[in-house]
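Take a look at the structure set out below.
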Amino acid sequence: MTAAQALPLLVVLPLTGAALLVAAGRWLPRYAADAFGCAVAAATAALACLLLAARSGSAPVEWVGGRRPVHGSGVGISLVGDRAGLGLAALVGVLVVAALVHSWRFFDEPPSGQNGAFPALVLIFQAGMGGFTLTGDLFNAFVFFELMGVISYALTGYRVEEARAVQGALTFGFLNSVGGYATLLGIGLLYARTGELGFAQIGARLDARPGGGDALVTGALVLVATGLLVKAAAVPFHFWLPDAHTVAPSPVCMLLSGVMVQLGLYGVARVYWTVFAGPGGVPEQAVQRALLALGVLTAVTGALLCWLQRHIKRLLAFSTIAHTGLFLVALSALTPDAVSGVALYLLAHAGVKAALFAGAGVLVSRFGSVDERELHGRGRGIWGVAAVFGLGGLALAGLPPFGTALGKALCEESAGPAASVLFVAVSAVTGGAVLRVTGGVFLGLGGRGAPADGGRAARAGREQQAEETSGAGEEPETGVRLTRVPDTMLGSAAALLAGGLAVGCVPALWRAVGETAGAFTDHAGYAASVLGTTATGPVLSAPPHWSVPGVGLGLLSVVLALAAAAGGVRAAGGRRPRWSLPLRRLHSGHVGDYVACAMVGIALFALLLW
Amino acid sequence: MSVLPYLVAGWLFLAGCVGMATSRNLIHAVGSLAVCQSSTYVLLLAVGYRRGGTAPVHSDIRPGSRPLVDPVVQALTLTDVVVGATVTALLLALVVQVAKRHGTVDPDELRELRG
Amino acid sequence: MSPRTRLWVLACGVAGVAALLAVTVWRLPPFGGARHPYGERAVEAALASRVANAVASVNFDQRAFDTLGEQAILFGSVLGTVVVLRQTRDERRVEPEPAGVAGPVRRYALIALPVVLLTGVYVVAHGQLSPGGGFQGGVVAATGLHLLYVAVDYRALKRVRSVHLFTLADAAGEAGYLLLGTGGLLAGTAYLTDVLPLGTFGTLASGGTVPLLNAAIGVEVAAAVVVLLARFLDQAIEIVTSGEEGDRAPGTDGAPGTGGARPAGGTGRADGADGPHRTGRGGAG
Amino acid sequence: MDELPVALALLLVACAGTAAVATRDPVRQSLVLGVLGLALALLFTVLQAPDVALSQLAVGTALTPLMVLLSVRKVRRKARSERREEHE
């Protein structure tokens, strides 16, 4: 079997595994279902890694159904195994295995006769994400987008006994569906203009049209990007993300925050470079402007709200939003260097963030709470988890040699000095928030805050109660509270953190990422490799590497983060500033609000692109 | 006439979104989402229509005898219909659970997940 | 946001999106134009592989990978619904009571039942020849089965509808589609390649793997819809949360009609006198 | 004027869609959604898409309204029992 022929297996394998799990769900004991799910996920991940390592020369391209195009026009769907796609598929695989290992002891109550429901859902999720990364066809990408969506709503609402869980899953479902339909409208517009559905084919047709892009092309980009930006949680499309992460089981959060959100960004970048980057597409300056504006808005909003949270999972969710904003700001340079920076940042962030969510999962299972104040000082003694949180916070802030620091440094280099300020500030605030939690929960630093008695403080607490999500009184995800931390949970977290560290330490990876970024941003090269025509090779840039200013800025943001954490610990339990009230009120858990904001977001994005 | 179908598609999309945003009942909101989705059916099929064309099915016409409408958009719409039905089912299931756990399906009365 | 603010925000957003759509739509090629390059290629390809229904050829051959994703969505969302609507610790089941049915309704539904089921199978079987196919036929057959609920009662439906069996069929349909695709790999070409003999144009066996994939989808869809409706019916009829009204409910049920499962939108008044479990057969007549 | 049926079907769809959104009671809305499904099926037929019309008929007029009604029934049963608890 050639590499190309094996590409569809990255989708087919997990789906088959899921079908078998469902079919055998009645007879299979729990541990067997879990083990089988893990094995299938690991096999798929291994296949992705193998394909990634084995490839030589041009990217393998498979036309499913053997419908190879003749003279650049065909009827089939292509799967493109370029390094960006395969790399993300491998990342998906690794995170899915980690999540399944983490969830080894989760969920005491599967639906009757469906012992394998959770691993089966996760496997289908893996298939959806794998298909989305590999596909070379716009409508096919929409199909896998919806597959990811449907499974993630179900996974988010998995703990149906919790009132919040079902609400969060529902708002997630509504917002993502609206985004998906906007994307489909955009696909319809592109099909009307070009009569094609493949990325490369649409791009070629757009370029062949005299006069370049017009309002239709721009409108199509806005609509197609809407769904992807909803998935990527760019402000103001982001409202589903904090709610979903607050309520979803921790292993699901690992997948959502670790890779699914970033797949939305990947989708935006992929669609832009393959379809809209040519002469018949959308002017570069307009795209730069739009991405930069959205990115700054997203980063600032995410960082502010991250700092203001006391619900630990919600705090981590907002930090994901802040980092999405940073990725968008970096991407807005639209250069290969920026893409390799984002790629490294994204890889390391996936490891770190997933490890942090795994740590939060341990807290839920052990204490039945993820409330920073309620847990104050109670985490003494579980040093493994404390280390995960501490190192995770430092890595988020950008401590060399974590991959996050390398990615951040590269992004700063390509985005310019003004953006560097934003990068340092945002990573310091998000890292500082996590360090504040570490100091309070695991070291018992600072005051407990929000005392249970006394007039004014309690009244203030009640006042705030109405406007915040506390995180106390969570049902332990394991059904019963654990008395000790299971090795599976801690082991998966440690491995993920080590992965985040490795991204910053393996020069071979940097080289590969550099080459990948060159090919990824090559509009003509992609079309050539898919349609089998010839083109000049991509511009090769110097492989990414550490630089002195980058390390310096990384250390600076770590220092700032520590200072912020120290200040935060001291002021623990204080009232949240009044000016943040309108911002917090926007996050109301109300479907109507979220849809209204998403509409404004579409209009805003269109305005920025015009 | 040359843009009427597209305008109808746009209208349905906006109407569905307005319905969702102003809904006082989550079941009604799911129904509005279905309206929103029907805009995609209308747009896709309108894009593939061809004046004077017949359905792309050769059960009663000879191949090549008449112009055909675009079969690709029809296949896409078919997929879309399935997606819509399944999303509706899943969202309704979640609404049923919201009703159980919160005792209401009015989004204004859901007081969790703030800030 | 207060409802008032929300309305203002919404108004801004809608105005913006409306403007965007209006500007964009004006640039579209006029409705009904003759330029459909992909469509024409698809028709040619369909004829070349001897599938009379070009839509079926696109769905199950040329863009079969889309359908693979689509059936995964169906499979996944049914699994998701099973998970979301599971019976939780604080819930119990009440046995639905047997109930009488008006004679004409019963006769009508019992006659319609086999007709609808056969129609479903027919629509599935002729997918590559005439309009219809696995999806449409599957839904028709599955909803048709629920005429049994209308004609006899929920207990009769439950007897023939073993949810485990249908779950198995659902998984089998899904796995069948995936495994049929590997035929191409075994033959040394691409996944989902049509490697079977193409047969004679216009016959039931024409089109190589198209009818087989179509049948796999038919099985999966029919089973999936049955499982899906079973979960909703369970919730509406059998499962009660502690504190929820049980089987001793007073006569009238507020929800008018849970609907006949027939494709005409037929939904009538509830005959509340039968008690809560019997509401919703109104649409049958 | 061979496009008159298309135009009429389109207007019907637009009206039915608007009505479905404007109908705030979910039970009535499910009926209107059924009508919208029928209108869409009609439109698809005149647009020469019998395959889609068939599936729209099966899904839009049978499956979706049925699921909506079953959900309404569950939701109302729950709400009523809670009201009763409050009175007691």
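By written order: A, B, C and D. Residues from 1 in each chain.
Here, a residue touches a chain if its C-beta (ideal position, glycine included) is under 8 Å from a C-beta of that chain, and two chains touch if they have at least 3 such contacts.
In this text, all values refer to a predicted model and were calculated from it rather than measured experimentally.
Participant: When I count C-beta pairs in contact, which pair ends up with more: B-D or C-D?
Facilitator: Between C-D and B-D, contacts are more numerous in B-D.
Participant: Taking each chain's centre as the mean of its CA atoms, how far is chain B from chain D in angstrom?
Facilitator: Averaging C-alpha atoms per chain gives centres 11 Å apart.
Participant: Determine the centre-to-centre distance between chain A and chain D, using the mean Cα coordinates as centres, and give it in whole Å.
Facilitator: Inter-chain centre distance comes to 36 Å.
Participant: Suppose each chain is reduced to the average of its Cα coordinates; what separation in Å results between chain C and chain D?
Facilitator: Between these chains, centre-to-centre, one finds 15 Å.
Participant: Rounded to the nearest whole Å, what is the centre-to-centre distance of chain A and chain B, using the mean of the C-alpha atoms as each centre?
Facilitator: Here the centre of chain B sits 27 Å away from the centre of chain A.
Participant: Can you list the residues of chain C that touch 2 or more other chains?
Facilitator: Within chain C, residues 6, 10, 14, 17, 21, 26, 28, 32, 36, 38-39, 42, 53, 55, 58, 63, 66, 70, 73, 77, 80-81, 84-85, 131, 135, 228, 232, 235, 241 contact more than one other chain.
Participant: Among the residues of chain B, which are close enough to touch at least two other chains?
Facilitator: Touching at least two other chains: 1, 4-5, 13, 17-18, 21-23, 46-49, 51, 55-57, 69, 72-74, 76, 78-79, 81-83, 86-87, 89-90, 92-97, 100, 108.
Participant: Counting only residues that touch at least two other chains, what does the list for chain D look like?
Facilitator: 3, 30, 50-51, 55, 59, 63, 67, 71-72, 74, 78, 82
Participant: Once the touch criterion is applied, which pairs of chains come out as touching?
Facilitator: Pairs flagged as touching, ordered by label: A-B, A-C, B-C, B-D, C-D.
Participant: Please name which positions on chain A make contact with chain C in the complex.
Facilitator: Against chain C, the touching part of chain A is residues 1, 4-5, 8-9, 11-12, 15-16, 18-20, 22-23, 25-26, 62-67, 73-77, 79, 109-114, 117-118, 120-121, 124, 127-128, 131, 139-140, 143-144, 146-147, 150-151, 153-155, 157-158, 160-161, 166, 169, 189, 191-193, 195-197, 214-216, 218-220, 222, 585-586, 588, 590, 592-593, 595-604, 606-607.
Participant: For chain B, which residues count as touching chain C in their complex?
Facilitator: Those residues of chain B that touch chain C are 1-7, 10, 13-14, 17-18, 21-22, 46-51, 55-59, 63, 67-76, 78-79, 81-83, 86-87, 89-90, 92-94, 96-97, 100, 108.
Participant: Using the touch definition up top, name the residues of chain B that touch chain A in the complex.
Facilitator: Against chain A, the touching part of chain B is residues 9, 13, 17, 20-23, 26, 29, 33, 36-37, 39-40, 43-44, 47, 72-73, 76, 79-80, 83, 86-87, 90-91, 94-95, 97-98, 101-102, 107-108, 110-115.
Participant: Which residues of chain A touch chain B once you look at their complex with the stated criterion?
Facilitator: 139, 143, 146, 149-150, 153-154, 157, 160-164, 166-171, 173-174, 177-178, 181-182, 184-185, 188-189, 191-192, 197, 242-243, 246-247, 308-309, 466-469, 584-585, 587-593, 595-596, 599
Participant: Where on chain C does chain B make contact in their complex?
Facilitator: These residues of chain C touch chain B: 3, 6-7, 10, 14, 17-18, 21-22, 25-26, 28, 30-34, 36, 38-39, 42-43, 46-47, 52-55, 57-59, 63, 66-67, 70, 73-74, 77-78, 80-81, 84-85, 129-131, 135, 201-202, 228, 231-232, 235, 241.
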